[in-house]
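Heads up, the next two complexes both have chain A, just with different partners, chain B and then chain C.
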Partner chain A sequence: MIKYIIKRIVYLIPIMLGVSAIIFALKTFTPGDPARIILGNDAPQEQVDAKREELGLNDPVVVQYFNYIKGIVTKGDFGDSYRTGNPVLSEILPRLKTSGLITLGAVAIGAVIGIILGIVSALKKYTWIDSLVLVVSMFFQSVPEFVVGLVLIFIFAVTYHILPSSGIESAKGYILPMMCIGLSSVASYTRITRSSMLEVLSEDYIRTARAKGQTERNITKRHALRNAMIPVAQSIGTNLGNSIGGAMVLETVFGIPGVGKYITDSITQRNYPSVLGGALIIAIVLTVINLLVDISFILIDPRLKTTIISGGKKKLKKAA
Partner chain B sequence: MAKLYTPEMEKIAKKKAKRNKPVKSTPAFEAWKRFRRNKTAIVGLIVVGILILVAIFANFIAPYDYQSQDYLAMMQPPSSAHLFGTDQFGRDIFSRCVYGARYSLFIALFCTIAALLSGGLLGIIAGYCGGVVDTVIMRIMDVFQSIPMIMMAMCIVSVLGNGIPQLVAAVMFASMPTMARNNRAAILRVRGCDYIESSEAIGVGQMKMIFKHMIPNAAGVMIIYFVGFLAVSIMMMSAMSYIGVGLAAPTPEWGLILNDGKAYLTSSPYMMFFPALMIMVTCFAFNLLGDGLRDAFDPKSK
Partner chain C sequence: MKLKKVLGAGLAVAMAFSVVACGSSEKETGSAPAKTAGSKAATENTANVDLVNKVKSDETLVVALASEPSSLAPTLVGESENESSIISGAILDTLVSQNQFTGVVEPNIATKWEWLDDYRLQFTLRDDVTFTDGSLLTAEDVVYTFETLASQSGNNDGGKFLDPSKNEVVDDHTVILGFNTVAPDLVTMLTWTPFGIFSEDEVEACGGFDKAADSPVIGSGKYRFKEWVQGQYVVLERNDNYWNQDYAGYFKEIKFTFTQDPAAREMAVEAGDAGVAYEIPVAQASTYVNNQNVKTSFYSFGQVYHIWMNMRDSEPMKNVKVREALDKALDYDAIAAYATGGQAKQSLGYIDADVPFAVDYYTEDERKQDVGGAKALLEEAGYGDGLTISCLGTPDAEGLYTVMQAQLAQAGITLEINSVDIPTFVQGANGGDYDIILVGEYLDSRNPSAWVFFDENSINTFCIGGDKYTSDEIWSAIQEVIKAEDNEAAKEKVAALEEIFKRDTLVLNLCPELRSAITQPDIYGLATRERGYIDVTSFYREQ
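Up next, the complex of A and B:
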C-alpha cells in the first residue's frame, strides 16, 4: 500500500521534469530578446548585454534548463512578469483560489446533476426518458462552454437582470460560470452512472435483495447506488482537468480575475513568462490533485488496491 | 407484426439470385445497416452533409463578400437583404457565417488529420510494438497530457503567433496524447485476436501486418475518434478565437464573429445569436454522428 503511494509520488518527478521541459522548449521559441524587453527599446547595448549575462541567456541550453529547474525547486521561481516585474508565482497564487473555487463548484454541479440523471435513465432504461436525458446531456457536452455561457448571460443578465454578467463582486457572479462548466460535464457523469448502475443492477446480490422482499427504493438506494458510485467517483479526477480548461476560457468570458484570465491577458500582452509560468503552475497543481484523488480512492475502496497493484506489477513484468 | 422482408433483405435476395452465390456481408455493410436504424445519427449525418456542402460552395451561397464593408448598412437587424443582419462595419453576417463554415470545417479537418498523423501514428506504433517502445511513447504522452488541452494550445499559439498553420500546430500538439491513447487502445484490441496470431504464424511481414490486417480491423474504432476529434477541434478553435488567442481579425471564423458582436450583446443580440447557433448546430451534429458511428462500428461498447 505505502509502497504503491511512494511509487506514485516518485513517478511524479519524471512527469514534472517532462512538463517543465515542454514549457522550457516553448520558452526558447518565444520571439524577442527577454533582456531587451525588460530594459525597453531605448536601453544601450552594453546594458542589454549585461542583462543577458545576468539572466544566463548566453549559457548553453542544457545549463539554462538546469538553472530553470533549480530556480523552480529551490526558490519557486517561475519567472518574472514582463509587465509588472513581479514573480509569476506571487501573481498567480491569489488567482488560483478564484479559479479553484469555480472549478470545484462546476465539478459539484456537474456531478450532482449527472448522477441524478444517470440514476433516472438507468432505472427507466430504453424509455423515452432515457433517450431524452442522453440527448440533452449530450447537447451540453457538445456545445462549447463559452457559447452556453453567452446564452446564459443573455437570458439571466441582459434580459432578466437576475445575475451579473461579469465580475465576482458578489457571490452571485460565480453562479453562471460554474453552471456553464458544470453542465458541459453532466453528460460524462450521466453515462458512467447509467452504465455502472445497469451493471450493478444485474448483480446477484440485487436479485437476492429482491428475493428477500426488499423494497425497490431501498434496493436502489442502499445496494445499487453505493456500489455503482465507485467508477463515478473515479471519473471526477479525469473531469477535473477538463473543468480547469473550461474555467480558463470562461473566466475571460465572464471577466473573472482568475488564472485563466491572467493567462489570456498575458497572451495578448505578449507577456511570455506569465503565460508559460502560469501553465506550468496549473499543470503541477493538476497533477498533484489527480494523485491525491487516486490515492484517496484506494484508501476508500480496498478492492481497487488489488486491481491497481497487481495491474502495476503486470506492467512492470512486461516492461522488463 | 414486424415485416418479414425488409427492403435490404429483398435486395440481398435479388443479388443472390443474380450471382447465384452467397453474398459476402462486409463489416462496413453491417455497420451501415446498424447506423441506418439510428435516427439521431441520421439527423447528425444529414446536418454534417449540409455543412460540408455549405463549406465547399460558400462562394455560391454567400450573397456578399465576407469582408466587404458597407457603411450605409451598419448594424442592421435581420432582413431579406441581410438574412442574419449586418455587423458594426456593415458586413453581412450571413455571408460571414457561410464562409465561417469553410474556415471552421477545413481547419478542424487539418487539425484532426495532423493529430492523427502525429498522435495516432505514435499510438499505433506503441500498440503494435509493445514493450519498451510502448512504455516510452506512452510516458511521453502522459507528460503532454498533464497540461490541460486548451492551455497547451493557448501556450503554443502565444509563442508561435496567430494564424492558421500556428493554430493547426497548437491543436495538434494539444490533442496528440488523447489521439495516441485512443489509437493504441484500438490496435491493442485487434492485436490479441486469433487471426493476427495466425498471420504471424504464416510469416506475414510487419508492414503488411500493420496496414493490411491491423489498421483495417481497427479502422471502425479509429473513425469514431476521428469524427469526435473534428467536433473537439471546432470547439477548441472557436473558444480560442472568441477569447482572442486564436485566429486574427478579418477571418470569418465563428468564434471571431462572436467576438465581434460581444460589445453589442444588449443592443443587437442577433449579431451573436447566429454565429452561436452555427457553432451549436455544428458541434451537436458532429457528436450525434460520432455517437451513431460508435453504436454502428462498436455495438458492444454501449
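Up next, the complex of A and C:
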C-alpha cells in the first residue's frame, strides 16, 4: 500500500511538468507583454525593457521555465502576482479553502439528493415516479450551472429573501453555490444508485432474505443499500474534481473569492504567475484527491485492492 | 412510503416554483421617462439631477461592483482602474470639483484660483479641511500630493502634464502648481479622482506608498477607509469631520462588494442585498427599465464610439473612396439603437453633443445609409466585385461589429470580426493589425490629458494609438482646441478639426457611449465623476 502511495506521488511529477509546460507555452505564445501589462500602456519603453529584464522575460523560454520550476521545488515559490505583487501561494491558499468548502458541500448535497432519488427510482422502477425522478435529475444536469445559479438567486434571494444573493460573509452565503453545483450532479448519483440498487435487489441473497420473511424496509436498508453504495462512493470521489471545476465557474456569479474566480480574473489580466500557480496548485490538489479516493475505495471494498494497486496483475498471474 | 410521497410532491412543487419564478421575473409596469440632463440621452432615470440632501442616516449602502481593484489609492502606486477610482474618489477630496450637470468647475478645497502665467496656477485653500489624523490641510500637503503624483503616476493620463519644479508654497493656504504644457482647461483635470489631496504624515503612518494603497487611511474626503477583506468587500465610513457638513454622506458606511456577473449584481439590488449595482451593460440594463423593483439609470459621460480606419500606406483603407463607401454603407441610427439600447441617437460630431465645446458637424440627412452610393464608390475604387476588411475589437464590441457586418454586407463589403481579449486588443491596436477599429474616446474637457492619443509623442505607447493616423495638421488643430480661451472660442477650433476628419473620412462617429447603474427604487442622488464613474458619496434614501 505504501509503495502504491509513493508511486502515485511520483506520478505527480510528470503531471506537474505537463501542466506547467502547457501554461508556460501559452504565456510565451499569446500576445501581450507582461511588463507592459504591469506598467501600463503609457509607460515609456525604457521602463518596460527594464521590467522585462527584472522579470527575466528576456531569457530564453527554457531558462525561464527551469527557473520557475526550480523556485517551486527549492523554495515553494510559485512566483508573485503581477497585479498585487504578493506571493501567488499566499493569495491562493485562503481561496482554495473557500472553493474546497463549496465543493465538499456541493458533493454532499448532490450525493444525498441523488442517492435518495436513486433509491426511490429503483424501488418504484418503471412507474411514473421513476420517470419523474429521471426527468427532474436530468433537468438539473442539462441546464447550465450559471443559469441554475441565477434562478436560485431569484427564488431564494430576490423573491423570498431567505439567502444572500452573493458573498460569503455568513455561512448562509455558501448554501446557494453549494446547491447549484450539487444539483447538477444529482442525475449521475441517481442513475448510479438506481442501477446499482436494481442489480443488488436481483441478487440471490436478497431473494433469500425475502424468503426468510424480512420486511422490504429491512431488506433495502440492511442488505441492498450497503452493497449498492460501493459504486456510488466511487462516483462521489471522481465527482469531487468535476465539482471543483463547477465551483470555478459559479464563483463569478455568486461573487465568491475562490480559486476559480482568482484564476479566471488572472487570465483576463494576463497575470501569468497567478494563472500558472493556480493551475499547478489545483493539479496537485486534484491528484491528491484522486489518490485519497483510490485509497478510500480499498478501505470500503478490499476486493478492489487487486484492481487498483496491482492493476489486476496478480489476478492475471493466478489465472495463468 | 409516506416519505417517498412527500419527496415526490416536494420536488414537483420545487420545479413548478422555479418555472413560476422565472416567468415572473419581469413585472411589466409602465412609467414615464424622467427629465433628462441637458441634451443627454433620453432615459428612464438619469444622473446628476437630484443631488440635494442634507440628512444623515446610520444605514450602510452596499454598492455591487464588477471586480475587485488591485489597490484603493491607485495613484500612489501608478495604477488606474475603474473600481479603485470609484473607491478612492470617496476617500480623497480634490482642490476643485466639476458640476457634472452644468460642466462648470466649482470651488472645493480651494476657494479660488487664477493663472499666474501659462504654466502656473495659484490656488487659495480653505482653512478648515482636516485629514484622517486630524491635522489641517495646508499648501505643503498639496505640493507633496502633486510631487507624489508626478513621481508615482508620471506615466498616467494626468501625471505627465505636471511640472513639480514650478510648485511653490506661498503661505499655509496659498499654493502655486506648475504644468509643463499650455492649456487653460487644465483646471478641469484637477477635478479628477487621481488628483485628490493627502498628506505625507498620513502616507508614512500607513507605512509607505504600497501599504497606503492597500489600506488608505489618508485624505480629507467625505468617507474614510475602514476595512478591506480581500476577495470579499471594502468598507468606508462617513467622515464626520468633513468640512462641508451640508453635503457629507447620507449613509454611515459604504460597502463595496464584487460580483462579475451583471445579472447577479442586478438581482442583488432586487433582493435588497445591495443598494446600487454599477456598470450593468446598457443593452442588459434596458431590459430592467420596466421592472418596478429597481430603478435603472442611463447616462452619457462625454465618450463617443468611433470607428477609426487604418491609414497605413496600403490598400484598401488608404483609398478614400473605400472609406467613404464604408461611411455610406452604415446605418448609424440602427447602430445607435443597438449600442445604447435605444437610449440615445447617433453622434453628429466627433465629440459628444453634451460636451460644451462640441459641434454637430454633420446633418442626419447626409449620414443616412446609402447602399447604392456605397456600391458606386467601391466600383470607382476598383472593388466592384466585393471587398473584405478586418476589424479588431474586444468581446463587448462583438455585437456592435455584428450589426455593422450585416449592414456592410448589403454593399458587398465582408467584415471579418477579430474579437480578442483586452491585452491582445492593445497589442493589435498598437501594432496596427486591423483595417478598422472600434474605440470609445473620452473627450469631456479640453485638458491635454484627454487628447493624448493624437500626440505623436505618446502614440506609440497609448492603447488606441498604434497605427492610427495622425499628422501635423491634426495635432496642430487639436492644440488650437486645447489652447482656446474658453469653450465658446473652442467650438470654432473643433469645427476646423471636424473639417479635417470629414475631408479625409478618417473616422466614423457612431453614437455616445452610455453607462448604466441600477439602484433600489427609493435611492436617489446618482452622481458621476470623470469618465462616468459613479460618485458613491451622493446617494441618499428618500425620506
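Heads up, the rule we're going with is that the second predicted complex is superposed on the first by the 269 of 320 C-alpha atoms of A that agree within 3 Å, B and C clash if a C-alpha of one lies under 4 Å from a C-alpha of the other, contacts with A are read in each partner's own complex, and residues count from 1 in each chain.
Just so it is clear, a residue touches a chain if its C-beta (ideal position, glycine included) is under 8 Å from a C-beta of that chain, and two chains touch if they have at least 3 such contacts.
What you are looking at is a predicted structure, and each value in this text was computed from that prediction instead of being measured.
Undergrad: By the touch definition at the top of the document, which applies to A:Leu26: first (chain B), second (chain C), both, or neither?
TA: In the superposition, A:Leu26 contacts chain B only.
Undergrad: Which partner does A:Asn242 contact after superposing on A: first (chain B), second (chain C), both, neither?
TA: first
Undergrad: Please indicate which partner A:Ile175 is in contact with in the superposed arrangement: first for chain B, second for chain C, both, or neither.
TA: A:Ile175 sits against neither chain B nor chain C.
Undergrad: Can A:Leu276 be said to touch chain B (first), chain C (second), both, or neither?
TA: A:Leu276 sits against chain B, while chain C stays out of touch.
Undergrad: Report for A:Leu198: first if it touches chain B alone, second if chain C alone, otherwise both or neither.
TA: neither
Undergrad: Touching A:Gly167 in the superposition: chain B (first), chain C (second), both, neither?
TA: Second partner only, chain C.
Undergrad: Looking at A:Lys124 after the superposition, I want to know if it touches chain B, chain C, both of them or none. Which is it: first, second, both, neither?
TA: second
Undergrad: Mind working out whether A:Val136 is in touch with chain B, chain C, both or neither, as first, second, both or neither?
TA: Once the two structures are laid over each other on A, A:Val136 reaches chain C alone.
Undergrad: After lining up the shared chain so the two structures overlap, which partner does A:Leu291 touch, if you call chain B first and chain C second: first, second, both or neither?
TA: It touches nothing on chain B or chain C.
Undergrad: On chain A, what residues does chain B touch that chain C touches as well?
TA: 30-31, 139, 146, 150-151, 153-154, 158, 252-253, 268, 270
Undergrad: So in the complex, which bits of chain C are touching chain A?
TA: Where chain C meets chain A, its residues are 4, 7-8, 11-12, 15, 17-18, 21-22, 25, 64, 67, 70-71, 78-80, 155-157, 160, 210, 230-233, 257-261, 263-264, 267-268, 270-274, 293, 420-424, 426-428, 452, 458, 460-463.
Undergrad: If you look only at chain A, which of its residues touch chain B in the complex?
TA: For chain A paired with chain B, touching residues are 14-15, 18-19, 21-23, 26, 29-31, 135, 138-139, 141-147, 150-151, 153-154, 158, 241-242, 244-245, 248-249, 252-253, 263-264, 266-268, 270, 272, 275-276, 279, 282-283, 286-287, 318-319.
Undergrad: Chain A touches which residues of chain B in the complex?
TA: Contacts found on chain B: 40, 130-132, 135, 139-140, 142-144, 146-152, 154-161, 231, 235, 238-239, 242-245, 258, 265-266, 269, 272, 276, 279-280, 283-284, 286-288, 291.
Undergrad: For a test of understanding, state which residues of chain A touch chain C in their complex under the given definition.
TA: It comes out as residues 30-33, 36-37, 39-45, 47, 83-85, 94-95, 98, 116-117, 120, 123-124, 129, 132-133, 136, 139, 146, 149-151, 153-155, 157-159, 161, 164-169, 252-255, 257, 261-262, 265, 268, 270.
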